[in-house]
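Across the two complexes that follow, subunit A remains constant while its partner is subunit B and subsequently subunit C.
Right after this comes the complex of A and B.
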C-alpha cells in the first residue's frame, strides 16, 4: 500500500509540474501583452520598458521559465508561486485566501447533494418505475441542463429580495460584522476558533443560497449514478442470496450500498475537481471571493503568475483528491488493490 | 432505507435547517455611522506607482487614504444634487490642503505646509514627506511610475528622462520643516492641476521607510499589499484583496474627524445584486449600475440617484493607418449615420447627452466646433458613395467584452445604424487586457467603441496632448495633423488663458473636420445611495471621497 501511494504521489507531482510548464508556455503565446493594462495611463516607450522589466518579461522565455521554477531565486521548487502582476501580493497568499472559500462552498454543497441523492437514489432503486423514479428521471434531465448562475439569481430574487428571508449576496459575512482573525482562512472554522458564533451563523447563513444553487445541480448526476449503481447491485447474485437467506432489510441495504458506492465516489471526485474552478459563476453571483473568480480574473488580466499558480494548485489538489478516492475505494473493495 | 424516511431526511436537511440559518443571518441592523459601499471591485493595490494604479477600484483606496498638497474648490451642484468642483489654472482656483498656502515667483512655487497634520501612524506631516514623495517618484522604481509622469506633465524641472538614474535635486527643495519650493522647467499651466491627481498624493515618509527593504527601498511591496501610510481622512483597518476594504475615520485628520466613522467597501461583481442591496438597505452606496438599473430606481423608496455629466464619454475610434478607415469620407459617413438621440434614449435611458467636441465639456478649454455630426442618413449615404468604399462584410466593431452589460445595447444599435447605411459590421468583443494592448501598445485596432478614456488632467490641452498629438501617449488612432501639432506646441507654454483657449478651439475645430474620433455621447457618472446619505461630490477621477459624506 505504501509503495502504491508513494508511486502515485511521485507520478502526480510530475504530472502537476508538467501541466504547469505547459500552461507557462501556452499563456505566453496569447496574442496580447500584459503590460498594456499596467501602463494604461502612461504608455510611453520608457514606461512600457519599465513595466516589462518589473514583470520580468524582458528576459528570454527560457530565463523566465528558470525564474519561475526557482533557479534564479524563489520559485516553484522553493515553494514560491511568484507575485501577482495585478496586486503585487504573492500568488500563494492570494490563493490561500480564495481557495478556502471555494472549498467551503463545494464541500458543503457536496454534503447536501449526497445527503439528498443517496437516500432518494436508494429508494428509487428499490421501486423502479414508481412515481419517485419517474420524478427523479425528469429531475435528472432538467438539472443537467440548467445554468447555475441563473438559478442563483432567481434564488436571490425570491428569497432575498422578495421574501426577505435570505441574507444579502454580499460575500461570506454581513458588512457590519468584523471577520474573525484568519487562522485557517476558512471563515467557518476561524469563527469557531475565535468563539465568534455571530460570525459563524452569519457565514453559514450566507452559504445557504450558494450551496442550494450548487447542490441543486449536483444532485442530478449524483442521484442518477446512485440509482443506477444501486439497481445494478440489487440485481446481483449475492444480494439475491442474502434476500433468500432472510437477512434483515437494513443489513441487505448496507451491503448493497457498500457495493454500489464505488461509481458514486468516483463521480464525486470528478465533480469536485471540476468544481474547484467551475464554481466561478456561483462565486460571482454571490460575491464570494473564491478560487474560480480569482482564476478567471487572472486569465482576463493576463496575470501570468496567478494563472500558473492556480493551475498548479488545482492540479495538486486533484492529485490528492483522486489518490484519496482511490484509497477509499480500496478500503471499500479490497480487490482493487490486489488488481 | 424506506421511501418515507428518505424524503423526511432530505426535507429536514434541505429546508428546515437553511431556514433557521437564514433567519439568523438576514436582516442585520446596520451599525451607526457606517456606510457599506458596493462596487465592482475593491483596491487591488495602493501604490500609485504600482501595477494596479490604472484600476479605478485601486484609485478609490488611494484618494481616500492620501492627501494632496492642493485641490480644487467646491462650486455648485448638478441638477440631481451632486456637489461639483470648479476647474481652472490660476492659484485662486485652488485651495490649500496639506499646503496651507502657495505662491509663485517666476518658475518657482513656494508651498507653506500645514502644521499639526497627523497621519494614521501618528506621524506629523513635514517638508520631509514632500521631498520623499517626489524622490520616490523620480526613482522610477515602481512597475508603472505615475508619480514621475505627472511631475513631468506639471512641468517640474528635470523630470524628463524617465530613467530613474538622476536622484531628486533642487527642483523640489526643503526650505524648512514647513516650507518647500518646487521649480518648473518652463511655464506650464498644468502644474497645480497635476498636484491634485491621486498620483501625487503625499506619502508618510516615516511610515513608508519603516517598511523598506534592501530589495525594495521605496516600499512598493508594502504599499501594494499591506497599507498606504499617509495623511488622509481615513485609515485602513482591514483589506482582503478581491473581497473587502475597510476604512475607519482618522480622528486626527486636520480637516476634522470624518462624519462617517467606518466605510466598508465590498466587491459585488453583479450589478443586479448591488441594485438589490441598495433597494433593501443592506448597503448605503453603490456605483456602476447599468443605465437601465439606475432608471429603475426613479421613485424607489429610500434611495436617491446622484448623477453628473463629468468626463465619461463614448466615442468611435477609426484607425488612420488601417484601411478603409484612412478614408475621411467614410469616417464622415459613419459619423452622420449614428442615430444619437435614439442611442441616448434606448442605451442610456436619457442619462447622457450628445458629445459635441472631443474633450470633456466640463474641462477648461472646451469649445464647440462649428463642424457637428448629427443623424442624417441621406447625407451619410451620399458620403459613403463619395468615399468609393464598397462593403464586403469584413468590418468589425471591437469593444471590451467585460462591459457587455453597458456596451451591449450601444454596439447593437450602432451595428443597426451602420447596416441602414450599407455597412454590415460584425461585433467583436475582446477581453479588456487584449483591447488595451491593441489600442495602446500595438495601436492596430481598426474600428472600436471606447467608453473608458477620462483625461486625468482636467484640461483640454492635456486631452489633446494625450490623444491627438502625432505620436501622443494615447493616440490610439495614429492621428496626425500638422495644424494640431503646431498649435499645441504654441499653446503648451502659453501663460495667457484667453490665447491658450483660442488655440485649443482651433485644435478642436480641426479634430472635428478630420473626424479624429466620432464623438457619440457624454454619459452621466452616477451613484445610487440611501436617502439618508448626503455629500456626494464629483471628482475628475470619478472616485467618491468618503470625507464628503454625511449620514
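Right after this comes the complex of A and C.
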C-alpha cells in the first residue's frame, strides 16, 4: 500500500515536471515576444537588449531552463518557482495568496453540488423512465450547454441589483472591512482564527453567488452519474437478494449507495481537476483574486515564469486529488488494489 | 409497417444547428445595422428600432448577435471537423496497427488531456496571436485527442470481428481492410462526439474572449459582447449581456441535444 502511494507520487511528480518543461519550451517557441510589453512603442536597440537581459532571455535556452529549475537562484527546486517578470515577487508567494481563494470556491461548490445531486439522484434512480428520470437527463443536457460566466452575471443582476439580497460582486469581503490576519490565506478560515465573525459572515455572503453559479452547473453531470450508477446497482443481484431477505429499506439504501459511489467519486475528481482552471471565468465575473485570475494576468502579460508556475501547481494538485480519490475508492472497494 | 417516430430532441437539435449554420453564412447580411459601426445613442434599452438595444459604444446588439455566428460557430465547426478528421485517422491507425507508434500516440494524448484545458488554450492563443485562424488551430489541436481515443477503442473491438477475417480471406490488403471496412464501422462514436465538440468549441471561444484572450473587440462575438455588458449590468443595462448569452446557450444546447439524440438512436 505504502509502496503503491510512493510509486504513484514519484511518477506523478516526474510527469508534472515533464509537462512544465514541455510548456517552458512551447511558450518560447511561439512567436510572442515578452520584451515588447516592457519596451513600449518605438524601442531603441539598446532598450530591447537591456530588457532581454533583465528577463534573462538573452541566455541560451538551456541556461534559461537551468535558471527556471533553480540552479541560478530562485526556481522550481528551491521551491520558490522563480520570480514573476511583472511584479518581481516569487511566483510561489503569489500563488500562495491566490490559490486558497480558488480552492475555497470550488470545494464549497462541490460540497453544495454533491449535497444536491446525491439525494436527488438516489430518489430518481428508483423509477427509471419516469418523469423525474427524464428531468435529470434534460437538466444534464441543459447544464452542459451553459456559459457559466453569463449565469454569474444573471445571478448578480437578479440577486444583487434587483433584489439587493447579495453583496456587491467585488472580491471576498465588504470593502469597509479589514481583512483578518493572513494565516492560511483562506479567508473563511483566517477570519475564524482571528475570531472575527463579521468578516466570516461577509466572506460567506460573498461566496454565495459564485458558489451558486458553479454548483448550478456541476449538479448536471453529478446528478446524471449518481442516477445511472444507483440504478445499475439497484438492478444487481445482491440488492435483489437483500430485498428478498427482508432487509430494511434504509440498510439496503446504504449498501446501494456504497456500491454506487465509485463512479461518482471518479467523476468528482475529474471535474475538480477541470475546475482548478475552469473556475477562472467565474472568478473573473465576481472579481475574486484566485488562481484563474492570476493565470489570465500571467498569460496576457507574457509573464512566462508565472505561467509555468501555475501549470506546475495545477498539475501537482490534480495529481494529489486523483491519488487521494483512488485511495478513497480503495477504502470503499478493496478489490481495486488487487488489480 | 410501423411509422418511425422522430426523436423530438433530434428535431430540436437539427433545427438549431441548421439555424446556426445559416446565420454563420448569412447573419452579416441579415443584420439591420453594421455590427461594427456605432448607430447613434449608446446604452439604449430595446426599442422598435433596436430590438436588443444598443451597447456602451453605441453598437446595435441585435445586429451583433446575428453576425457573431460567423466567428463563434465558424470557429467551433471548423475546429471540430479538423480535429475529428485528424483524430479519427490517427485513432484508426493506432488501433488497427498496434505497436510502438500506437503507444506513443496514446501517451501523448494522455498528457494533453491531463492539461488544464482553459489555461492551455489561453496560452496557445495569446502566444500565437489572437485571431480566428489561430483559434481554429488551437481548438483543433486540443480536441484531437478525444477523437483519437474514441476511434481507437472502437477500432480495437472491431478488428477482431469476423468480417475483418472474411475480408482478409478474400485477399484485401491490411490497408484496405482498415480504411474501407473497419473505419466505416468505427465512425459512430466520433460522429456523436463531433456535434458535442462544436458545443464545447463555442463555449471555449466565448470564454476566451470573455477574459480578453480570444478574438479582439469590436469583432461581433458573443463572449466579447457579454464582457462588454458585464460592468453595466449593475446599472440596469442588462440587454447587452443577456441576448448574446441566450444565443450561446441555445446554440450549444442544440449541438449537445443532436449529439445525445444520435447516440440514443445508435444504441437502439
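Everything below uses one rule, namely that the second predicted complex is superposed on the first by the 337 of 339 C-alpha atoms of A that agree within 3 Å, B and C clash if a C-alpha of one lies under 4 Å from a C-alpha of the other, contacts with A are read in each partner's own complex, and residues count from 1 in each chain.
Simple rule for what comes next: contacts are C-beta pairs under 8 Å (C-beta built on N, C-alpha and C of every residue); 3 or more make two chains touch, one makes a residue touch a chain.
No experiment lies behind these values; they were computed from the predicted model shown.
In this overlay on subunit A, subunit B clashes with subunit C.
In the superposition on chain A, A:315 makes contact with subunit C only, not with subunit B. Contacts of A:285 after superposition: both subunit B and subunit C are touched.
When the two structures are aligned on the shared chain, A:159 is found in touch with subunit B, with no touch to subunit C.
In the overlay built on the shared chain, the residue A:307 is in contact with subunit C alone; subunit B does not reach it. Shared-chain residue A:276: touches subunit C; no touch with subunit B.
When the two complexes are overlaid on their common chain A, residue A:31 makes contact with subunit B and with subunit C alike. Of the two partner chains placed by superposition, only subunit B is touched by A:179; subunit C is not.
Contacts of A:222 after superposition on the shared chain: neither subunit B nor subunit C is touched. Counting the residues of subunit A that each partner touches, subunit B and subunit C differ, and the larger count belongs to B. Residues 30-32, 153, 156-157, 160-161, 168-169, 284-285, 300, 302 of subunit A lie in contact with subunit B in one complex and with subunit C in the other.
Considering their complex, residues 15, 18-19, 22-23, 26-27, 30-32, 141-142, 144-147, 149-150, 153-154, 156-157, 160-161, 168-169, 273-274, 276-278, 280-281, 284-285, 292, 295-296, 299-300, 302, 307, 310-311, 314-315, 318 of subunit A touch subunit C. Residues of subunit A touching subunit B in their complex: 30-44, 46-48, 50-51, 54-55, 85-89, 94, 97-98, 112, 115-116, 119-120, 122-123, 126-127, 132, 153, 156-157, 159-161, 164-171, 174-179, 201-202, 204-206, 208, 212, 215, 253, 284-285, 287, 289, 293-294, 297, 300-302.
Interface of subunit B with subunit A (complex): residues 1-3, 5-7, 9-10, 13-14, 18-19, 21-31, 34, 36, 38, 44-45, 47, 50-55, 140, 142-146, 149, 162-163, 199, 220-221, 224-225, 238, 240-244, 264, 266-270, 272-273, 276-277, 279-280, 282-283, 402, 431-434, 436-442, 456, 473-474.
Those residues of subunit C lying in contact with subunit A across their complex are 111, 114-120, 122-124, 126-129, 199, 203, 206-207, 210-213, 223, 226, 229-230, 233-234, 236, 238, 241-242, 245, 248-249, 252-253, 255-257, 260.
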